Structures are given as C-alpha cells and as structure tokens.
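Consider the two complexes below, in which chain A is the common component and chain B and chain C are the respective partners.
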Partner chain A sequence: MVRLDKPAEESAQSEAPALPVPGFRIDKRAADAIVWLLLLTMPFWLNWIGGYTQLGTRVVILALAAMSLNFLLGYTGVLSFGHAAYFGLGGYGVGLTLKYLVPNTLVGMGVGIVAAIVAAAIIGALIVRLRGIYFAMVTIAFGQVFYFIAYRWNNVTGGDDGLSGWHRLPINLGFTQIDILHNKLAFYYVVLFCFAVSVGIMALLLRSPFGRTLLAIRENERRARFLGIPVDRHIWLSWLISCTFCSLAGTLYALLNNFSDPHDLHWEQSGNFVIMAVLGGMRSFWGPLIGAGIFIVLEDYISSRTENWESFIGLFFVLVVLFFPRGVLGVIRRRTTQ
Partner chain B sequence: MTQPKSFPIGRRTVLKAAAAAGVAQVAAPFVISARAAETVKIGLNDPLTGTYALLGKNEQIGCQLAVEQINKKGGILGRKVELLVEDSTSADTGIAVQKAHKLIDRDKVNFLLGNVNSAMAIALGEVSNQAGILHIVTGGHTDSVTGTDCHWNVFRVCNTTRMETNSVSSTLFKKYGKKFYFITPDYAFGHTLQQGFEAALKANNGTETGASLTPLGSTDFSSYLIKAEASKPDVIIFLTAGQDSVNALKQAVQFGLNKKFGIAGAQQELEVLEGLPPEARIGTWVFEWYWRQPNVPHVKEFVAEIRKVNGGKVPTARHWFGYASTWTCALAANHTKSLNALKMAKFLQNFKLPPEVALMPNNPFYREGDNQLMPTLYVGHAQEKGKDDPEDLFVVDKEVKGVDAALPVAETGCKMKWPA
Partner chain C sequence: MTQLILYNVFNGLIIGAFYALMALGLSLILNLSGVINFAHGGFLAVGGYLAFTLEPYIGFWGGLLLSPFLTAAIGLIIERLLIRRLYGRDPLYSLLLTFGLAFMFEDGTRFIWGPATLPFTVPDWLSSPLSGQFFFLTGYRLFMVLLVTATVIALFVILSRTRVGMRIRAGTLDLETVSVLGVNVRILRNINFGLGIYLAGLAGVLAAGMLGLQPTIGSDLIMPSFVAIIIGGLGSLPGTLLGGLLIGVASGVTSVFFPSASEAVIYVMMGLVLLVRPRGLLGEEGRF
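Presenting the complex of A and B:
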C-alpha cells in the first residue's frame, strides 16, 4: 500500500467523529453548507469575477473525478495512476452510443458507466493483490491499453482525431424536458446534481461500517487482516466504487465537450487527477474539489497570460508538496483544529 | 485542554490579512470590470505549447499582421479589430474546447479562428456551430472538417489531405513510376493520406509494394527503411510530419536510399525543411503556399511585412493561413455590413479572395457546398540551399488548381444543414 505522509495523530485529526474538540462538528456542517452554497450559486458569481459558466462546469466534473480517485487514494490508501481509463471509457461510451446507437443522453451515460464498471471489475480482480508502486504501475499499463485501443481503432473511435460528429441531447424526463444542449445553466445544474448524488453516496459509504473498514485497511493492513477482514475484497470494492464515479465524471466531461478525446484515456490525465487530489488535500473529503478548482482556474487564467503557463502550474505543485504536504485544505484544517 | 479563545486578533492575523490583501492585488486583473465595447473581436484558438507550437505561433503572426492592416484600412464596420489569442495546447482537446467556450462566452468574440490540430479543429467546429458564430479553420487538414463533420459556419483555408495527395500523385507517376512504398505515421492524419494515395494507385493501375506504420514520435526508422529497400519500390512515400519527418529523412539519406529510389510525400512545410540538414532536403512534395512567387502580385510586400515581425525570416504557409483567415472575417463583415454569422456565411459561398489576400494564382475561392477554400497547390522538390536566399528551400515545378485536386462536393460526405 502506498503510504504517503501519515503520522497517526494527523489521520485522527482528519476524521471528524474521532475528534474531541468542542464545536468541531458544527464547524464541519458549516463548511459543508458553505461548499454547497458556493457550488449552487457558482454560475452567478463566477461570471462576475471574470470566469464563465463552462469553467464552473469543468471544475465540478473534474472535482468529481478527483474525489472519486480520492475515495481510493485518501480513504483506502491505494494509489491508482490509471483512473483516466475509466474516465475515458465513460466518455467514449456516451459518445459512441449517441453517435451510433441511441440518441438519448441518459442511455448513453448508462452505457458509458456500465462499460467502465465491467472493465474495472475485471481489471480490479486481476490487480487487487498488488500493493504500492506495483499496483500503480499496473494501473498505468491497463490504462494505456484502453488509450491505444481508442488511438488506433480509427473506424470506430476516430483514432487520434477523437470521436466527433455527435452532441449532447436534451434530457427527456417524461413530464418535462431539460435542454442541456443550448442552456448552459441547465447543463451546469444537471452536472451539479450528478455531483451531489455521487458525493452524497461516497460520504454515506465512508460513514458506514464498510467505510470504517477501508480506513482500517489504510491505517494498518496487516492488523485488518488479522481481524479477519477480507482485505483484497474490500480494496476491490473500493476500486470499483471509485472507478464507477470516475466514469460518471467522464461521461459528463464528454458531454461538456461534445467530443470524446483519446487524451482523456491517457495516463497524463490520471496524473492530473492525482495532482488535484494531492493539491487540495487527500485526507479531507472536500480536498480534491479545492484542488480541482485551483488546478483548473490556474490553468485557465495563467495560460491566457503566458505561453510558459505549464511551468507555473508545475512550480505551484512543487511548492504545495514541499510546504503543505497535506494539501491546501489539510493546512486550513490543522489551523482550525489547533 | 484549554477552551479555544474567541477570535483574538493577533499580530499574525494582521500579517495574514495584509498578505491576503496583497494577493488580491495580484489577482485583480481576473476581475474584468470595463471593456471597450466598440471593438470587433477575433479569437484565435491555436497551440502555443507542445509539438505544434511553432506552427501555431506562425499562424498567430499572420493573424496579427492582418489585424494591423485591417485597422489601418478602417477596421470592421468602422470599429477597431482586436485579436484575442488562447493557447489550446497541442494534445488536450478538452482544453481547446474550454478555451473556445472562454473566447465565445466570456470574451464574446465575433469570429473564431483555429486550429492546427485536426482533432481540435473538428471539436471547435462543433462549439462554434452551437454558438452560431463564423469559424475559420486555419490549419487542420483532416478531410472530415469540410467533409462528414462540415457545418454551415465553418470554413477552412488549408487543404484537405485528399487534395494534397491528388495534386502530387500524377507527378509521382511520371517522375518515378507506379510502385509505392509508404512510411505512414500511425494516426488518423497518416492513414487518410495513405488512403488518398492508394485511391490514386488503384485508378492508375499502380501497385503498393508495402507500408510501414510508424508510431508517432519515432526516432529510429531504420527497420522500416530496410523493409522499404527490400520491397524495391519506385518511390518511397514519407507521410510523416514535423520532427518525425526530420528523423525519417535524415536516416533515409544516411542509408543512401535517395540514390536508389525516389523520395516523395504529400504535405511538406518550410518549418520542416529548415529543420533538416542540407543533404536531407530532398524529395518531391506539396507546399500549400510558398513565399517565392515572382509573378504573383502583392506577395513581395507580404514577405517584406512578415520579415519585419518574424525575426527576419520569410513567411511560411502557416503565416499565410492566419493572414488569409483573418482577412476573410473582415471582408465578409464589411461586404455584408453586418456581423451576423449567417449572412456572412451565405456571402462567403463561392467568394473569391481578392489578390492582396489571395497571394496566389488562380483566384482561390470558398467552394459552395463544403466551405472549403480552393487554393493553388504547389508541387515541387526540396533543394539543399537557395541560390540567393538561405530560406529558398523549395522549387515549385507545377501549380495545381484546388478544384482539380479536390473531390467533388458530392463525394466529400458533407451534408450542409443551414439554419432555418
């Protein structure tokens, strides 16, 4: 298992119920409320400070991907460098369905997610016994398999040109129709709804005995094993849940761009998810959201100013890792709980 | 354990507040409060980093020159023109799409230009079509931009891959023979080029002695070149681009293949020839624009203008793409006296570029039905060094009209849907 920084007191600190500081629970609820309030009102204040609606949509989608990765990385202690594969599978699933099979956005998303679940279940079963760097390496390898399928299979996936010639379609709910194609706001709120449901499920899972077991595995795998916990099966389930929500993010991302890109399957994309999680703080639930926000806004803002924007993002990441190894949120957390 | 105190304002808090205020000052440009509402905005979405950075920057220089000239001549509808440039990166289409949203939704550009990367050109076409703004693809060559993925608002200045292969194939048959071996980069651009040549071979009873698919970014071409040599073709066709071209041609010369077989290909760029050692500047190619055209009016002035802003170097086809695209926007708006994309797109059907923008013979025009520019293609051969200019690395043997090289509209797969 990959053990990035984790002294015992730090991990105790990051788990709310274990903490005896009075008033902390209220703080946590207040923080949750602020996060949701900001997300709900984002399209309104984002334009005001010089952003645009799609930027907010992109932040929410990539935050979902990073948070789903963090379910595995931060709460199970397993580092995957191949999550882009499931992100991209979702994207190609929805693209291929809308282009060739059924002109229905929801069906497309379903196909994308199911395809990713099947792939993740099989691959997970093969690699779940590996630990640490070996696990990470094999996830990269499997990820690149999907990348090269998309890159080479020109007739179906469009190869290097990507899968184009389709776009998202209005969602028909029977009683009403949501025009996500032309209405940017409607699409943002559909994305936010998916985000809320996914994040809610992940939060509930983490509070359940299952989630506590994952934490136990993260803290001390050998001890968990001695307690009779089927460790491999738990890691497999955590991997599967993580990949499922990542693929949901992938379908939304393809719908946002109206395009499935082989780059979405590439390991560089997986690396970006890890960066987002680490940047924001992988021991905290909202950390990856903050990380994704910082990463994307920085990328969007600096790249319009200078060609060397990638150096600045790299520098920023180095600084964060050097001085705030627990991520941005980790630092704020520690200050408020002291 | 002591109870937490109620918000003591200490020295550190003050310092932090001061630091936060300082950061806010730096971040201030993010808040865009006032914008000059009267300018007409042209958004360029092109790679400025990565593999295609050089090509993207050259297009940008061309665009900037055009904007300066347009402003000198009174702008668009009497309003000043402003060029907004966004880096699309060379590989991440997601970022390119995001930047297009940024240009269209936040900066409210009136025109969109770009992209060098074919995949991005297609994806941006979808974005601009949703937004209903006039979009000119500067340098993405894949057929489908003005073929199966065509849109009423998307025009293209550079050629399709099929036009490039069609323009050169008859020359290759005459010069070398009808047995081809292909060195093809293994992605969509290479595949479509090879298909184009294969169609020409079939129509002329030629044979394909073999083909090697090479991974993008290959540095060692020796195994492919040995296979090519063993198959005894008349000509080895290099469909590689950029740095791959440089490596492949260098090694072909080291192997002495240029002494045994013909060396040729389709699209070639001055940027690549300049990157080659002199002895590897060989072969028969297609250029999409060339700076040395003594008999074409206005070319000399254009070359001189670009030299001023390009570190003394001559313009390449990429400069011209940016220049012609930007001028197309201004001409369409000024002729229709409107910034309505539909009106301008209708106007551009079969619109001939005026000579000061065309800078090539045969009156290039935007073909009705697929919005593809029908420019002149320059078939010729590379040379080691120019007689009087070190950048004169290409000799034009034949000029081919775009309409003769392009597939008829009915065969492009483009089904144009105009809004009601």
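Presenting the complex of A and C:
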C-alpha cells in the first residue's frame, strides 16, 4: 500500500531503527524509577491536585489496556482497531461469573481472561495472514460481534443497560483478606499490582529474542520472512499476548465500576485505546500510559462541563493526528536526540 | 410462512442495497486513497438531515436531488483540508482522523437537529402499498430498489466509460504510473472522494425516508458496510455490491427464524469467508 505522496520521512514508522529497546532515551532507569514512584504515590498527590482515587485507578487500568494494544501496534507494527472486544469480554466474564456462578473475584477475573484468550486465539487464526489496512478493517468488524451479543442477549447480559446487580468482592488470599470493595486505596494497589506484573512481563518479552523478532517483523516483514522467521505465528502470538493483557484490564475496569458496560465492547472504545497509544507515543514503552492519563483527565473534565463532549473528543482526535502524530514521548525523544 | 420469508428476503434486499450503496462509496475511497473512512456514516446522516431541512422549500424530489450533492461538497472540503494531509502516511492516522470526524458528525447532528427521531415524509403516492397481498411492497421500497440499481449502473458506467472513471480505476491499480502519465493525482483523489461521499449522501436520503432520522443512523449502518467490503473482497467494487446484498438477505432471512441473531449472522459469514477465502469472494489475490 505504499504509494507516492510525501516521502515517509514524516511518518512515525521511519524514526525507529536506532531504538530497539523499549523505553526512554534520556536515562532509562531514572525514567522508569520516576514512573513507578509516581504510580505508587498517585492516590496521595492526585487528591491534592484536584483528582480522586478512582480517577487514578481508571488511568492505570486504561493505561494497561493501551500498553497491551501498543505491544501489537507499536512493537509488532500491526494495526488492531478492535481491542475493545477483548477488553469487554474480560469485563463481562467477571461480571457474569460474580453474578451467576461463583462469588469470587479472582475466579471471575480468570473466567474473563480465559474467555478473551479463546476468542482471540480463534479470531487471531482467521486474520493473522491479513496485513495493514485489511487487518485493521477485519479487527474492527470482528470487534462488533461481541457487542451485538451483549446487546441482544438481554436476559443474561442486561442488553443495552449493561450487566449490573453485582459488585466486586474482597479478595481472599488464605492468610489475609484484601477488602477491595470498601477500601478504594486497597483496590488501587491491587490494580497497580496487576499493572506492574503485566507491564513487567511485556517488557521482559520485548527484551527477549521473541520480542526482538517482533521488532524485526515491524521493521521489515519481508526480510524477516526470508530469514526463516515464521512471521504469521509470531504475529498471532503477539496478538494473543496483547489481547490477554487487554482483557485483564477489562476485568479490572468492570470491577472498578461494579458494572459490565456494552460500551466497553464497542468500536468507540477501541478507538480510544488507539488514540491513547498515539497520543503518548507509540514507539515508547511508557507512551500509552501518558496518553491514557491525558485522555482520561481530559474526558473527565470535558464531559463534566458540556453535553457535547463527544464533539470535543472528536476534535481532539483530529488535532492529535494533524499536529501531534508522534505523541508526547516521540516529540521529547526527537528533541533530546537532535 | 412463504409470505413471511418473502417479506424478509425482500426487506433484506433493500437493506442490502443500502449497505451496498454505502459500502461502494467506502470502497471507492479505500481503493484509491487507502483511507478507511470511518466518517462515512456521518456523511450519510448529513445527507439525510439536509434533505429533511430542505424538504419544506424544494420538496422531496428537490431534496433527493440536491442533498447528496451538498453532502459531496462538504466531503470535498474535508478531503481538501484534512484527509489529503494524511495520504501516504501510516493508515493508522487517517483511521483516527475519520474516527474523530465520525464523533463530531454524530454529535453535531444531535446538536443541530436534536436527539429525537425525525420523520422524513415521502410523497403519498410513493408510500402506499402496491397490492393487498404483498402489503410490504410499498411504492417507496420499490422506488428505492430501482434508484439504487440505476445509481449502481451509472457508477459502473462512469468508471468504465468516462475518462475520470478510467483514471480512478487505473489509479487503484497503480497510482504512481497514473501520476507519471500526467494525471493530477490530487484532483483525482478529490473527485473520487466526492463521488464516494455522494453515494453516502444518497443512501442517507433514502434511509431517512424508510427509517426516519436519528443522529446514530450513520454509525448503525457503517459496520455492516465494512463487513460487505470484506466479504466481497477488498479492491473489488462488484464484490462490494455482492457482499452488501448477501449480508442484507442473510440478516433478513435470519430475522425470520432467529431474530436476535440477525446482526451477528453477518459477522459469522465474514468469519467463514475469511476462513475459506481470505481475499474475499471477488477479491484479487495479493492486493491487500
């Protein structure tokens, strides 16, 4: 699909060669430390600057979703526009389990994630040979299947109103109990723990030979294929990993709201994940986290101010694409390397 | 029972004709410019609402005639100002841009015309049933089928007989060569975008007459159009047409036996097509 027009100089794709390692140019370890420090202390400084703990929890959860999408988008170079399906499947999995089956938060999360993995494995096998714009279109369309199921299967999923009538339950670890239901702070740290584990695994994967192979596929798929790399299988695995962590985020999000929302399955949500990744910087490991932070705070602010917040969000999309396609970290990196 | 099935098949064909009309516009833009136009549904809504606003002054026929052109004009401006900047970049960016536009269109129509469903009146002689036995066969539905057929034929004639049409088709195959041969590709893409949006606007007016007008009318219709393109095969306009009609009939027939699955069935079809023939029914090998 590469056509004439402007040379690709401007596109984000070409800036990559010299940065195989996820993370920051300036000083990676210092940046990592700052990020973790900020996340660990977030409930304390967030209230102080006018936020609230739940807002912080939301940022962390959606950041996890956006970072897992970016595993595919930024590091494998595959454009998925349908990640909300797996996010929402996680949410409905935990909701349905807690409401109808087992009153256990961890089991519910497990069910949600397994459901998403199964769906992602099947759909992934169907689409893994498609590329670029075709891949994007098919992921968008497949994403809607689960939306329609949730929307139409009224007596089980609650249809358009969503699945309510359940709430998260304290996590019983055997030796102690974490009361995530009443203690917002405890829930934040449980979420942060899940975030840390997931992000850690993704970072390790990206540093492994497997992750390097993904980067190679992103940079030059044909050459990777000639080198004997089973490209389709790698993309399928990357897709599966990405969807798995996205569904974990989905379970946490449903737990946060005590509600499974059909809107979480809708393609609008998929678009939000992509814009978070782009806004923060797709080529940076922490980019989507920053993007999620900006996006959610902005959405929270605008939707409390005006009824027409959708227009502003739409305008925001347009402005980011036209004037800020590299994202926050992309711009910073460019400044520091020049 | 026969009548019920017949009714739903016919209904499905009409819905399919819609999907096809919309998907053809999407396909045109996608093939030549590599842009997935998420805002296509928004343009459809604008077409319908403009016809609604113009109707008191110029009547149904005036609205039907004029509104798609006005919509296309809006499309030309948006292409010129926004979408043109993103050609040749990662498709991610045009996808996000049109995605944002879709938000703005939907919210904008809600802001201007209100969230309630507005009736778009069609002339009396069109809305009455043709015969008592086939009560579902109103003149308007028949008229829609005829108009869509005429439009599709006109489109294919334009593409195969006129100079612009041939350039568009050549451009979808090899834009670089077309450009080297002295065709102004920027203008070609602009015209092509306008043509696609014209089809969306026309679909909008027709949809308004059948379903009434709601701000979400566009986003409800866009996803099936994607499916129509995928089933028919990316890059193939006849395929898109076929895909649209197929999924229309399929969801119509499903709604007889298993109404709650009438939306999901088209995605199952898409899955099957991708499994058996990843390039789509009429898609060419290796193009996408």
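Quick note on the criterion: the second predicted complex is superposed on the first by the 300 of 338 C-alpha atoms of A that agree within 3 Å, B and C clash if a C-alpha of one lies under 4 Å from a C-alpha of the other, contacts with A are read in each partner's own complex, and residues count from 1 in each chain.
Rule of thumb we're sticking to: contacts are C-beta pairs under 8 Å (C-beta built on N, C-alpha and C of every residue); 3 or more make two chains touch, one makes a residue touch a chain.
Everything numeric in this text was worked out from a predicted model, so none of it was measured.
By the document's definition of touching, of the two partners only chain B reaches A:L181; chain C does not. In the superposition on chain A, A:T41 makes contact with neither chain B nor chain C. Touch criterion met: A:V274 reaches chain C, while chain B stays clear of it.
In the superposition on chain A, A:V320 contacts chain C only, with no contact to chain B. Comparing chain B with chain C, the partner in contact with more residues of chain A is C. Looking at the shared chain after the overlay, A:E310 reaches both chain B and chain C.
In the superposition on chain A, A:S208 contacts neither chain B nor chain C.
By the document's definition of touching, of the two partners only chain C reaches A:F142; chain B does not.
In the superposition on chain A, contact of A:R152 is made with both chain B and chain C. After overlaying the two complexes on the shared chain, residue contacts for A:N258 are found with chain B alone; chain C is out of touch.
Comparing which residues of chain A touch chain B with which touch chain C, the overlap comprises 151-152, 310. On the side of chain B, the complex with chain A involves touching residues 1, 3-4, 30-32, 48-49, 53, 86-87, 91-95, 97-99, 101-102, 105-106, 118-119, 122-123, 126-127, 130, 142, 144, 148-149, 186-189, 191, 216. By the touch rule above, chain C contacts chain A in their complex via residues 30, 34, 36, 82, 85-97, 99-108, 111, 175-176, 179, 185, 223, 226-227, 229-230, 234, 260-261, 263-264, 267-268, 270-271, 274-275, 278, 288.
Residue ranges of chain A in contact with chain C, taken from their complex: 1-6, 8, 10-13, 73, 79, 81, 123, 126-127, 129-134, 136-138, 140-142, 144-145, 148-149, 151-153, 267-268, 271, 274-275, 278, 308, 310-311, 313-318, 320-322, 325.
Within the complex, the chain A residues that touch chain B are 20-23, 47, 49-55, 58, 151-152, 154, 158-162, 164-165, 167, 181-182, 184, 253, 256-259, 261, 263-264, 299-301, 303-304, 307, 309-310.
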